[in-house]
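Before anything else, here is the set of structures, which you'll find just below.
Common to both upcoming complexes is subunit A, partnered first by subunit B, then by subunit C.
Then we have the complex of A and B:
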């Protein structure tokens, strides 16, 4: 019991230490606040958005921003503010789900490559080489073409394109950790490979994974928005930011506000993620900070 | 050195083969029967079946892939379903524009990004540094197609000084290049800053300051040269990102490059074009990566010695054994 408490305390103090360093970084906290605000908007979209996202009022189509419609209305008379708020739900969902599945797959592949080495390493790393020799946007476009448009397919496309980065980071970190004494100790008391990877190696390489993940969510959101913008991702009338921009493009000459707000929403979300991610990197690994 | 070059080239070949397999597999599993797509809805089942046989679509996966691969090696990327023109010809007509856009954007990013990063590092924590880094952050967080739309809004709609679409002269390049390169400028500036900051703290910089060397030579000769390797890596990656950016931005500015061609082809389910486009981009990117790796070996003496050592080691081992 006391042993367990000690372990808990050690874990807590480590977390506490990271949080203490993070708190000092004003930009990171600002990023976290922006991010939490957008998550809150996404969760409470049903309550706070002034109109349903698909409510069409043709008598109020293409209205300039006013108190009635803060961000104006689109060509179908839908309230843009409401659509942007609902869009947060979709973009965050795409960002987090597609990145975490991609990250999970990448981590497993990277750990296997790094830990077992040999043929596993060669096969997995050549596979990531192949994926990486196609620029990310183009790879996502190719996958989305194969699967066809739609929310799930866009998420699959984005998640596959994020696999190689994680596989590389995890492989490199695994290589540096696996020769250390505590792994040797675990091997000598007869721990299985599975146990060693998940109980001993992963906790020690978590920092680069977390950093990569936080920054990756932003990239994933932009990538998914690009797919939708090209008409390969989420299709109208779903209020996805990229799809909204794609639809609003035709009206740029006279109804410029239609192309303004969905883009600002993407930018703000990714900004929050990046500021928080940068801060987290500094907090997790003080050595990296110059 | 030659050994390194040969080894690096040999590594590229299986990767490229892998790329062809990956792309072929993806398009193999794409929905829709190509024969039906070519002939349209009015064709009879028998006509479709004959064409399927002609196109080799009834062969096994492996046979089809082998045929595809042989075609690719000969430079034959298939025929466009829509126009009936060989895909390689259609791609050649358009790829120049895309390469030019991506290259100009990468160059622009280098020309702006590296000096910005150097100034930021030399004047760390100054107002200039803060402003540069905030701009860099915005550059990274802004989706490039949205930046493109904003540029169009500002320069074409509001000010009416730049053309919003097409590609008929130097003026037409300004907005696409800015919007494609924004991410790269930001990334290169950040990388240059952190790489320079690391180098500036080294002892040999202090030594050259101590001996009274001018600050200009210290920064550009001693520091920048040593900070350059991570920056070169980033520039290589940025070229790939610019290619992707060009594909998306061609859509915004209605530029008749490879990207617009591919996206239009996707909408028309003209898969040989998509397949060929992705393959050509992947090959270009692999060759570029190869060149960057070779460039490293010239810039970084450590890589050179690594290979010398191993060959010397081998000699010694042979003599002993």
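Then we have the complex of A and C:
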């Protein structure tokens, strides 16, 4: 048992080291705080949002921000603050779920391409090259149009368009790790390919994957918002930030707050993710430090 | 067949080439040797003589492409390794034959604890629960002289000599019958070398493991080996027991190797090195590969390579002088 505790301690100390470096980076901590705040809002949306997100009060339509409606109301008289808070749920959900499925697929493809090389490598990497040659937004629009609107389809579109980045990062890192002697040593003790990839190579290339993932969530959220903005993503009345922007677009001249608050929410979330991701990259790789 | 019963490893005409765009690198050219149970063979040669390639060949670890085992036979315990399936190889590596790598700094996975890494090989080959495997791993650590409390530490927390001990513990964890040590002491400094060699000698006796010791250090060979094979340009040019090689040196190349060693007993002003360089294995000379550097060169050497000649029982020389 004491062994186990010690093991835990050793593992913690590594995390501790990363945390210590991360803590020094004020911007990254700011990003993390913003992110945590938004996650907290999303989790407690039912409790803290002043109105239900679909509660319509036509008598109070298009109201300017006041104490009653902190962010004002939209053209149906719905409280924008509540919708922004509920929107965090949808956006984070899309961001994290679609990114993790995309990351999983990308990692597996990249690891196969990098580890086995040869024909696998050529086929997978040329395919990702093709995907990468199409701008992400256009690719996602094309997929979303084919599949039709809806939350799941938007997530599929976003996750497919995030595959190539991961495949590339993982392939490149796999290539550098697989030729190291400890991999050869693992083969020499009789470990199979599957074991070598997942136990010996993957943990060694986790840092770039984590960084890519943190930065990727931001992109995924923007992409999902763009899809909704174009009417290809979430359908009303679900409060998605992109869809809210799209609906409020017509009123931008007189009721600017209807556009500003969802836009601000997207900006803050993505900013938080990017700042945190950048800081995490520096913290995970002390060699990069300048 | 009777005289093979005690033979653990039987290698015949093993030929390994690396086929690259720039030509065929003939790394190993028809080497043959036997190894009995509990015996230690020293494989000696310069850098690039094909020692490591031969060892990787025995493990079927030649990177393919570009490496290719062209011909030959490797029989371990009566099984031909060159015909083994992928699945059989997984059972073979680490269990029957294991390998100690040259550089302990890179042979351990930096992000797994040493205990994890020793337990991994045990769990791969023996049906044990996690606890049993970790128990055995800690026993192995103690065996190589590292306190078992350090099981949960990472490789970077160990010194070079201790890492090599961990590598040895991994290699011996499943009691392999054959241990291939690829220059296990080259990356270590001399005092640590002596400790590691003593440890290997002790463990070999304890488990009756056969060993192939790859080295370019003739001193290491006398410490630990029973038999020696001298390799030059992918061939074994002379082989025999320690006495045959050290006291009754025959092949001009082996003589040259000893001539290049400083000696404490006789005072000489200059060492007598072997002139020239090892030939490019992608472009070996005709005839005997050693003839461009050989002090005893005969005209025939340029056209014909000698066969392996047994000049005394067990002492083989591949040189036209003794054919």
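To be clear about the criterion, the second predicted complex is superposed on the first by the 280 of 290 C-alpha atoms of A that agree within 3 Å, B and C clash if a C-alpha of one lies under 4 Å from a C-alpha of the other, contacts with A are read in each partner's own complex, and residues count from 1 in each chain.
Basically, a residue touches a chain if its C-beta (ideal position, glycine included) is under 8 Å from a C-beta of that chain, and two chains touch if they have at least 3 such contacts.
The shown structure was predicted, so the numbers you read here are calculated from the model rather than taken from an experiment.
Asker: Touch check for A:258: first (subunit B), second (subunit C), both, or neither?
Answerer: In the superposed model, A:258 contacts neither subunit B nor subunit C.
Asker: According to the stated criteria, A:18 is in contact with first (subunit B), second (subunit C), both, or neither; which is it?
Answerer: neither
Asker: So in the superposed three-chain picture, is A:270 touching just subunit B, just subunit C, both, or none of them (first/second/both/neither)?
Answerer: After superposition on chain A, A:270 lies in contact with subunit B alone.
Asker: After superposing on the shared chain, does subunit C or subunit B touch more subunit A residues?
Answerer: B
Asker: For A:189, decide between first (touching subunit B), second (touching subunit C), both and neither.
Answerer: second
Asker: Quick check for you: in the superposed arrangement, does A:180 touch first (subunit B), second (subunit C), both or neither?
Answerer: second
Asker: After overlaying the two complexes on chain A, where does the subunit B footprint on subunit A coincide with the subunit C footprint?
Answerer: Dual-contact residues (subunit A): none.
Asker: What residues on subunit C touch subunit A, complex-wise?
Answerer: Against subunit A, subunit C makes touches at 59, 61, 89-95, 98-99, 101, 103, 106-113, 115, 120-121, 124-125, 134, 138, 149, 151-154, 167, 170-171.
Asker: Sort out for me which residues of subunit A touch subunit B in the complex.
Answerer: 126-127, 129-131, 133-139, 141-143, 145-146, 148, 218, 222, 225-226, 229-232, 242, 245, 249, 252-253, 256, 259-260, 262-263, 266-267, 270-271, 274-275, 290
Asker: Which of the residues in subunit B end up touching subunit A in this complex?
Answerer: 14-16, 18-19, 22-23, 26-27, 29-31, 137-138, 140-143, 145-146, 149-150, 152-153, 157, 194, 197-198, 201, 240-241, 243-245, 247-248, 251-252, 262-263, 266-267, 271, 274, 278, 281-282, 285-286, 289
Asker: Hey, which residues of subunit A end up touching subunit C in the complex?
Answerer: Its residues touching subunit C are 3, 6-7, 9-10, 180-182, 184-192, 195, 199-200, 203-204.
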